[in-house]
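Naming follows writing order (A, B, C and D), and every chain is counted from residue 1.
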Amino acid sequence: MDMLVVNNLYKSFGGVKAVSDINMTIDEGEIVGIIGPNGAGKTTFFNLLTGIYNPSSGDIVYKLKEEVSAKSFKPFKMTKYGVARTFQNIRLFKDMTVLENVLIGYHNNFKYGILSSIFHLSSYFKNEKKGNEEVTQLLKIFDLYDKKDTLSKNLPYGEQRKLEIARALASKPKLLLLDEPAAGMNANETKELTKLINWIRKEFDLTIILIEHDMSLVMDICEKLFVFDYGRLIAQGNPESIQKNPKVIKAYLGGE
Amino acid sequence: MKKTMTLFMALALMVSVLTGCGAKDTGGSGKESDTIKIGLNYELSGNVATYGQSSVAGIELAIDEVNKDGGVLGKQIELIKVDNKSDSAEAANVSTRLATRDKVVAILGPATSGNTKGATPPAMQNKVPLISSSATDDDVTVDSNGKVREYIFKTCFNDSFQGVTMANFAFNDLKLKNAAILFDNTSDYAKGLMNSFKKTYPSLGGKILVEETYQAKETDFKAVLTKIKSTNPEVIYIPGYYEEVGLIVKQARELGIEVPVLGGDGYDSPKLLEIANKDSLHDVYYTNHYSPMDTAPEVVAFKEAFLAKNGKDADAFNALGYDLAKFLVDAIDRAGEANSEKIKDALASTKDFKGVTGSLSIDENHNPVKAVTILELVDGEPKFLKKLEP
Amino acid sequence: MIMEEIIQQIVNGVSLGSIYALIALGYTMVYGIIKLINFAHGDIYMIGAYVGFALTTFLKLGFFPALILSMVICAILGVIIEKVAYKPIRNSTRIAALITAISVSLFLEYGMMYFFKPDTRTFPSLLPDKQIKIFNTDAVLDIKNVYIIVVTISLMLLLQYVIHRTKVGKAMRAVSLDRDAAQLMGIDINKTISNTFAIGSALAGAAGVLVGTYYNSINPLMGVVPGLKAFVAAVIGGIGIIPGAVFGGFFLGITETTISSLGGSLYKDAVAFAILILVLLLKPNGFLGKDVKEKV
Amino acid sequence: MKILNKKNILSILAILIVYAIVELLTHLGVIDSYIQLNLILIGINIILAVSLNLITGFTGQFSLGHAAFMSIGAYTSGIVTAKLGLPFIVGIIAAAVVASIAGIIIGIPTLRLRGDYLAIATLGFGEIVKIIAINNDYIGGAVGLNDIPQYTNWTWTYFLVVLTVFIIYNFIKSYHGRACIAIREDEIAAEAMGVNTTYYKILVFTIGAFFAGIAGALYANYFSFIKPDSFGFMKSVDILVIVVFGGLGSISGSIIGAIALSLISVFLQNIPELRMVIYAVILFLIMVYRPQGIMGNVELKLFNKKGGLNGYAGSK
């Protein structure tokens, strides 16, 4: 069943087209990779998917918790629609602890009002207890529980990447967008990450879209690939067919 | 838990520090001490520091003279000078400190009405007389119910008095019927003068064509002056202080506004001439406490002594400060005892105290009854025009 | 009569604006290069005025020698302030930088007050006291204003030249764009920032002497209000943009004059700040600035 | 069920004991009116600093206009108690409400601004409030509003300080408070995690202004005289300095900062000519040697064994 439909999507900045004429459909439960050379418009596409940019024309429709289209996208509303993301250049809350970072991910699952927070009424305790338990569970899965009181800026790089994913998962998404999750990792770490991504997809029943340069990771776990070049979608299909696609080879090896 | 502990520790620290420094201060202030302590609560820093420091310079000169002549009641006077930062809450803080810690018999200051009002409640509660020589606002000594504040005095005119005088002078003596007003709307003093002028002048039959404002520390007044010029007034009333008035008069003359300019005692400073220069300062009239050109021996003596001590000519704040100190010493002398209650009574019953800025009596509202002098600037020099007995 | 008033008010606005523009030049330049709101800029302007005052009153120097010397002394002062106060906090947070700038400003104001008393002092008249009649009406222009406008415009052109055409200026622009990259390219960051402060402060010094002779009254707090207004002017024009500062200065001067002439002198400053807020909201990079989007 | 646990009872007891000790010392005459005045002044400064800390320290919204909210509160309470003759509690509530409405009004347009630009806009807002007050004759204009009944005393001040600290501390400890800290840390990431940054920014401006309004009411009804320029740019800077001195993002830091700077100010009364110079030097030294303030962004560890203010951190 399709859960994301992109229709004739265009985005331009001051006349320069960053993304043009994108059409794609992604089914529930898929792991999808978006690849392409630098400056191909992948991150812009992610920012369109998460409401940071509004499309110049065309539409994006999610059919997750409810059916929503790009008109009603706002960055802070995306987790409510079931979409969570990570960032290319890790954006953790540096001066907050690991636990607090993940609690922010859990933000929309807390249900108590300002008054309750000010006077610490019983709904405060109920919510905080439940939130802490669920988040603790998540931290244990990610092997971060021992470091829950460490400031996130003091974590090693690989764990920061993991923490960002854990934080995104805390919002209980249906769709997870990962922007270069393996950037800066060595081969071992990448391998571990591959396992982790596969595992969380099953465990949390997720659809995953990832942007990645590391072809081994992409080929390993993605069921479907979309190739961007100069803001356009030049190819799509399973990893094997993409590897053989002449357009893709040309885009990667240059136009000569 | 921890927040209360924090609070507790903080409080303990605070109390110990404050009581600690208090204990030191109260050492020599028993009734039998050989000095009489007078507190100075003045704007020594902050945006009106000029006025505070000028007043203090006058006070210090007067107290030096008194001490040289053997003090009062056989005792030397000790001045305790504390800064109120030109802030009304800080003025209250200083008042409280002077009254409770330094145990002064009386407080002089602050220089501006606003800060004096801030300093008032603690003086009232601690029953220490507080006298200002330049807090001109009418409700400094009288509260909103018309009741006099028992321990508060002033030795300068009420704002209303100067405004009324000038309105009369403009209408009756200069025979000018169309006036413009330009005043400093950040200054309570200027606003007070302006309000009484605005009330009086039309009641005499004059007309106020336009009312414009400026702000203290501004330097360019050409826009409002051009506006005023276009209404063709016969006279302009500009209550304010010399720093700005000097510039205003100069710029007005440059713009070709040659009509008379009227003002109040804020004009009285040698700086006015320096800023505005001689050619602009014609047809300028202002109300003042005295004429600096007066040849009366006490005026001449004061001016010479001030110049010798401070290296510059005295202005109104200096003279008022000087008189203020002498005025208090006179009351202490008459009280016969350095006791705040008695000094207050002596202050309230002052009759014909003779100072540099004229002789004054205190009325039932703790305001001075004193003659107002109208001066005219001729080539920048103040010339005595007339003296109006109250 | 009406025409005359309008002409006079335009002249007033331009003359007031030229002073804001002159001070804003240095403000905008320092912000442009090192992204620091140098609250002390208005106070360096005040010190420039005092230096000019001392040179002309006690050493009896003429206008131009006093102007040049004052610029030199302010440049040195600016460099000292940068080395002593701003260098240690270069990598601190914005808030620390801003508070440091405020502390430097207070230090200069009250240090001057301590040493030279809070009294107003009168600046000797250095330039001819002459009023020019415009178009044979009664509207007049002070000849000193012509000096100020000429100096402001020439300094603006000179600055533009320095920043865009010279090596020093190119280094400044590089530092302003990306400090780390500039350093990798072999640019001496410390020297470049010192240069920036020297030039900015020299501009303030020039403004101090010019405005000192224009209004002939100076005091230790004289820099506060013009400093704030100049900053507003710089923001209006687009902070960091040299012609923007001049534009903003004239814009603010003319706006204030217009409000006063319409009878709004009570709210003149409030309107200035309201314009500031509006500009920040609608065109945060100023009238002459380009819009840049934050990269995600 | 958990409201009356051991810890809370101890807290309440400690709060009451501190209060009782001060009351006792006042009756014994150890605390005279001078100390009391300074205690009240410190209390007012604590309220101002803690509330600004919520805006600037925790949420990272740089404000140079906090004194304007205080001024709005002071004038509101002044009008309510002096002109309308209503009781103090009405004055306090009105002050808080009117100031928080101003907080919303200033919060909305300035949402689009960050860092220095926000600071400058709030500075402009503060100046506009001051100019309006100067030109409003009903509240005395530049002359000021005099003879406001002197209702503020140690009791009012103390319990309002406790209330302020209690509410803001609890707020910070909730998910709302964590969202605010997340905004400070990284606005874009916070939004991506579902934090409605617009809502929270306005909320903290509103809460901050609410308490600044209370501080204003205490101020007006203690000193019984207020004038517009008591709440100018320098007052905002003073409050900010307390917050930064104590540590951005530390409530105990703000409390310590308020006390320390009040004591410094008392000490500097004796050296008037150099007071501001020394103040400037102190500021400068703090910024250079301890820019994170006395407490950094942590709370007093001694009494918080669990550590880490920012999180719920399992302290159930």
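One rule holds in what follows: a contact is a pair of C-beta atoms (placed from the backbone, for glycine too) under 8 Å apart; a residue touches a chain by one contact, two chains touch by 3 or more.
This structure is a prediction, so every number in the text was calculated from the model and none was measured.
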{"item": "Chain centroid nearest the full-protein CA centroid", "value": "D"}
{"item": "Chain pair with more C-beta contacts, B-D versus B-C", "value": "B-D"}
{"item": "Chain separated most widely from chain B, comparing mean CA positions", "value": "A"}
{"item": "Intercentroid distance (Cα basis), chain B paired with chain A, Å", "value": "70"}
{"item": "Where chain B and chain D are represented by their mean Cα positions, the distance between them in whole Å", "value": "34"}
{"item": "Chain C and chain D, separation of their C-alpha mean positions in angstrom", "value": "34"}
{"item": "For chain C, residues that touch 2 or more chains besides their own", "value": "110, 113, 266, 269, 296"}
{"item": "In chain B, residues with contacts to at least two other chains", "value": "45, 47, 185"}
{"item": "For chain A, residues contacting two or more additional chains", "value": "52, 87"}
{"item": "In the complex with chain C, residue positions of chain D that touch it", "value": "56, 62, 109-110, 112-113, 115-117, 119-121, 124-125, 127-128, 131-132, 135, 188, 237, 240-241, 244, 248, 273-277, 279-281, 283-284, 287-288, 291"}
{"item": "Complex contact set, residues of chain A against chain D", "value": "50, 52, 75-80, 84-85, 87, 91-97, 99-100, 103-108, 110, 112, 114, 116-120, 122, 124-125, 127-129, 131-132, 149, 167-168, 171"}
{"item": "Chain D-facing residues of chain C, complex", "value": "35, 37, 85, 88-89, 92-96, 98-100, 102-107, 109-111, 113-114, 231-232, 235, 266-267, 269-270, 273-274, 276-277, 280-281, 284, 294, 296"}
{"item": "Complex contacts: residues of chain D adjacent to chain A", "value": "1-3, 167, 170-171, 173-179, 181-182, 185-186, 188-197, 203, 249, 297, 307-308, 310-314, 316"}
{"item": "Sites on chain D touched by chain B in the complex", "value": "7, 10-11, 14-15, 17-18, 21-22, 25, 30-35, 37-39, 41-42, 82, 134-135, 141-144, 146-147, 150, 161-162, 165-166, 169, 219, 223-227, 229-230, 251-252, 255-256, 259, 263, 265-270, 272-273, 275-276, 299-300, 302-304"}
